[in-house]
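As written, the chains take the letters A, B and C, and residue 1 is the first residue of each chain.
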Amino acid sequence: MAVEFALIAAGALLLTGIAAIPLSHHRRAAELVYGASALPCGFAGVIGLWALVANAAPTTVTLPLGLPWIGAHFRLDGLGAFFLIVLGLGGALNSIYAIGHGRHETEPGRVLPFYPAFLGAMLSVVLADDAFSFLLSWEVMSLLSWGLVLVHHRAGGTQRAGYVYLMMAAFGTMSLLLAFGLMTGGAENYGFDALRAATHGPAAMAAVLVLMLMGAGSKAGLVPLHVWLPLAHPAAPSHVSALMSGIMTKIAVYGFVRVAFDLLGPVPWPMAMVVMILGGITAVMGVMQALMEHDIKRLLAYHTVENIGIIFIGLGLALAFRAEGLTAAAALALVAALFHVLNHSLFKSLLFMGAGAILNATGTRDMERMGGLIHRMPVTAVVFLAGCVAISALPPFNGFVSEWLTFQAILVSPDLSPWGLKISAPAVGALLALAAALAATCFVKVYGVTFLGRSRGAEAAAARETDRWSLGAMVVLAGLCLVIGILPGFVIDLLAPVTQALLGGAMPHQADSPWLTIIPVAASRSSYNGFLVAVFIALSAGTMAWAVHRFASRRLRRAPAWDCGFPDPSPVTQYGAGSFAQPVRRVLGSVLMRAREEVFMPPPGDLRPARHEVHLRDLIWERSYAPLAAFIQAAATRLNVMQTLTIRRYLALVVFSLVSLLVVLTLWN
Amino acid sequence: MELIVALIVQGLQMLLVVAVAPLLVGLVRKLKARLMRRRGAPLIQPYRDILRLLRKEVVLADNASWLFRAVPYLVFAATWVAAALVPTFATGLHFSWTADLIAIVALLGSARFFLALAGMDVGTSFGGIGSSREMMIASMAEPAMLLAVFAMALVAGSTQLSTVAQFMASPHVGLRVSLGMALVALIIVAIAENARIPVDNPATHLELTMAHEAMVLEYSGRHLAMIELAAALKLVLYVSLIACVFFPWGIASGTGSAGAYGLGLLSYVVKLAVGGILLAVLESSIAKLRVFRVPHLLGTALMLGLLGTLLLFVSRGL
Amino acid sequence: MNATAFDVAHMLAGSVVLVSFMMLYQDRLLALLNVFALHAALLSAAVAWQATIQGAPHLYVTAAIALFFKAMIIPAALHRIIRRLGIHREVEQVVGTGITMLAGMGLVALSISLMLNLTASADALAREDLAFALSVVLLGLLMMITRRNAVSQVVGFMSLENGLILAATGARGMPLVVEISVAFSVLIAFIVIGVFLFRIRERFDTVDDSALERFRGDVG
């Protein structure tokens, strides 16, 4: 029954989308549409949770849609149920946020119909059980999100973002199409059951995996296919950005996991190594580009790239362990990756929502014009701080748990026998540690520059707290980040049926361990107890604060800032986003992004102002995309003559093509 | 009964680290003064400083937020919890499984994160410069630390500090060049994390290359006392960490007798003193690095960690 | 074999690799020479230890040659040379230190995985020794291509040769004659290069080899 209910939810979302077309100019349209979207999402999340907790057997259904006589197959199993939770939870909270946030939308008619349908399409990707419905849902999801990116199509850069996104989406779908084509191997059954039953040689498997890395990886934002993501995600309205970054990238991960772990057999280890190393590079490149960014939404989008990298490190490790037959370790790595999927969907949604609230309050995305918002938006400041701590992988929040599990999986890697894996795993571990540490740096920058310090602009000084719907959604997300960080054992147990089905093994049961400690392998090896850590910190901080105030001193005097005796009257003398990143830019950016700083100091007597300029280069774009674009441009110019031929010549072309095809056919036989 | 004893021993460890922390700072300062032919303040001066600061009123910058006031307690608590989880005089204490080495490093990361935020809160250029440099140093130090941990964990088969210490005390360890490299890497990281010479100078307020002290410039009174205490605790933590992993001699195991605990305590005090002396000598004998030379130093630590891990793969038993 | 004996051999050979990295990192010529002397001294210790545990007395001769020529004579001679050339300034490098070190790590990883794959049947000591020897050779080559200064290229070449000696001692049954001939050929190469250095200097007034490129017409 579960899959039917989930399909009803997807259908309800699509219908809401259609109903929103005539409704969209109604005064209360936003409340109605977003409210109507939240319910099916929440329902789908509950179904997913139920299916995992009850460890329900997979259910299938065939609908007479799509290709005639074949129909569309849908199925809900453990993996699907987990992503249903991610999607349902994120979608529902995001819709609640949008009830408040959507009021600020200047063009509701361009958002309201697409938004619920986009959610419905993502839902049906997760439920699809044959290649046709999977690809169709995927493509609908891409197109609808493309429509949402172009909502503010007159704003600067949006059109380019939409164009690049469309190109990459088309490229990704084409790769997926080829991957599924390879998997069927010429047979005429596109059902996932048939794909699962088929066996492939190592070369075919490697080819499918590469195609999946291109197809799903481009949607998820894997370097070097990530270029569209930091353009497109920020261009959309903030609640859509939250959806795209928090949820849609996870649907892409779902596609990869579905194919790599479920449909394909154990892939050979060199491919696992490729996935792992790509993940490591993605994590570091994503966070480096985020650090250099001043636009708060684009910065968050780059962090999505980083987190996708972390997820793919886990997936690569899981593939490697699986190739070597180490089931328990593979389960650990896969749980780490999927746990990070859930965590990232929570805190990235939260952060994008916070960024949306800031955007509404100040009217700008440029961090260099913010500051001091902690005084103006007190509740947003608290929840945004929770999101920052969570994404920086700091205990006791949830981001730490999944990265810790990934590290534990890396520490098991010496058990692998191929030398390439043994040696590359610690190197990837170093990349992961670097990415985590840089993420913390980046979020000190984000929070310090936007919320702390003094206001750098009039808008920031006049900012007002956001509405209650938005705050409610953000508070729930922040609470979930903390609760999951404190009680991670339950999530790990929830994932047990998933790994059991995909890998034939699971991590040890966690809920029984004393004090709810999580023990990935064995107690003597490693353990972490988020609950006790949180309790200890709260207790010792509370006791100490109480004791100091009770017994020592509680007097307090306000005075101007000391600043070593150099009080600077102008808020622009504070450290800003660019200056905060300067040390890292100089140390790492000079290598990875060819960062250059130019100081122009006019000679005495010259009235020109002194200037300090930073030049960054996006080497990935310059080395791969720009030459490709130039080549296509050149080829198109060459072929341009074809556009202005006479009718006789066009006919000649047709005849020539026909004849040459016939010649080929005769030679072939 | 057993549980109560275990809890008492764990509580003792918690009190021990916080009680001994200012003494270690005092010892280092005294030795540095003597090495420079100064008389130096008495050993207990840090205790006096902290008590004095606690009694003084707090002068708070006009636009400081609640975060600025909460951070000292949070930083202190996170550092204290982390320090209490590192084996000092005994391994396998009652709560020792709460966090493994990676989690302890991350707890210190939490403390640093909040301290860096507090540096940005008042909105002065000194606070910003301190925060940004501290985070830059940390983002180089953390991967180096992790690789050193990796090398250790490969040898000991665990990241649980009690297990590691017990393994290192056993004769299975043998003589391993990788552990030596990990030790050097860990020492470099410890120096960087504790803002010691040659990375940062804990004794100055007016030097443009400083990181840690610039960050806490706006703090005063009880808040400053908390931060000073947290800094001292962090130093004790790193010395204890290095001692328990690389020099686990005399450390008592989980359910030891009173005599074993006594011996463990004695050896711990001796190890702390040796650590303090070595630190003082090191700090007096070298000059501070330019801030953009620090990444080279930390890069060396990173390379040592990585090389140590690589070399382990061709060693015995792996 | 005795575990401690293996550990000591591993430690000495591993230290040789570590010192190779130190040479990559050194950016001053005099310090580079001192590190090179250390490299050779460690090598000779490693060889002497191999002689002890293998019970092969002829390896002591190799160790003595390494200690005498490479740890004393050659560094001292190079010291004299750079004093006479008057170059105590920094070594110029083609690529940054960080990238060089990372490349070095990659080379070590490569040689370890390669040697362990190729010599799966050999005994642990020989495998370990060959892996480290190949690392030292590759690091020496890396040093030669990342440095511009001819003196540091000579040092890179010498450290490469140290790796060859390490390999020769690890592989049992390598006759002494081979080692001695290698040592002598290196010595002759050293003399030739020394003379050559002075010739370059006389003609171009620098020992930066990019000066040579100008005269080939390839650059600028």
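As a working rule, contacts are C-beta pairs under 8 Å (C-beta built on N, C-alpha and C of every residue); 3 or more make two chains touch, one makes a residue touch a chain.
As the structure is a computational prediction, the values presented were derived from the model and not from experiment.
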Q: Report back the single chain whose CA centre is most distant from the CA centre of chain B.
A: C
Q) Centre of all protein Cα atoms: which chain's centre is nearest to it? A) A
Q) In whole angstrom, what separates the CA-based centres of chain A and chain C? A) 48
Q. For chain A and chain B, what's the span in angstrom between their mean Cα positions?
A. 35
**Q.** Contacts with 2+ other chains: residues of chain B
**A.** 306, 310, 313
Q: Could you list which residues of chain C touch at least two other chains?
A: 98, 105, 109, 112, 116
Q | Contacts with two or more other chains, residues of chain A listed in rising order | A | 419, 422-423, 427
Q: State the interface residues of chain B toward chain C in the complex, per the touch definition above.
A: 174-178, 180-181, 296, 299-300, 303-304, 306-307, 310-311, 313-316
Q.
Quick check on the complex: what are the chain B residues that touch chain A?
A. 54-63, 65-67, 73-74, 76-78, 80-81, 84, 95, 97-100, 102-103, 106-107, 109-110, 112-113, 116-117, 119-129, 131-133, 135-136, 138-143, 145-147, 150, 153-154, 157-160, 163, 205-206, 217-218, 220-222, 225-226, 291-292, 295, 302, 305-306, 309-310, 313, 318
Q: State the interface residues of chain C toward chain B in the complex, per the touch definition above.
A: 3-4, 6-8, 10-11, 14-15, 17-18, 21, 25, 97-98, 101, 105, 108-109, 112, 115-116, 124, 127-128, 131-132
Q.
Which residues of chain C touch chain A once you look at their complex with the stated criterion?
A. 96, 98-99, 105, 109, 112-113, 116-117
Q) Which residues, counting only chain A, touch chain C once they are in their complex? A) 419-420, 422-424, 427, 591
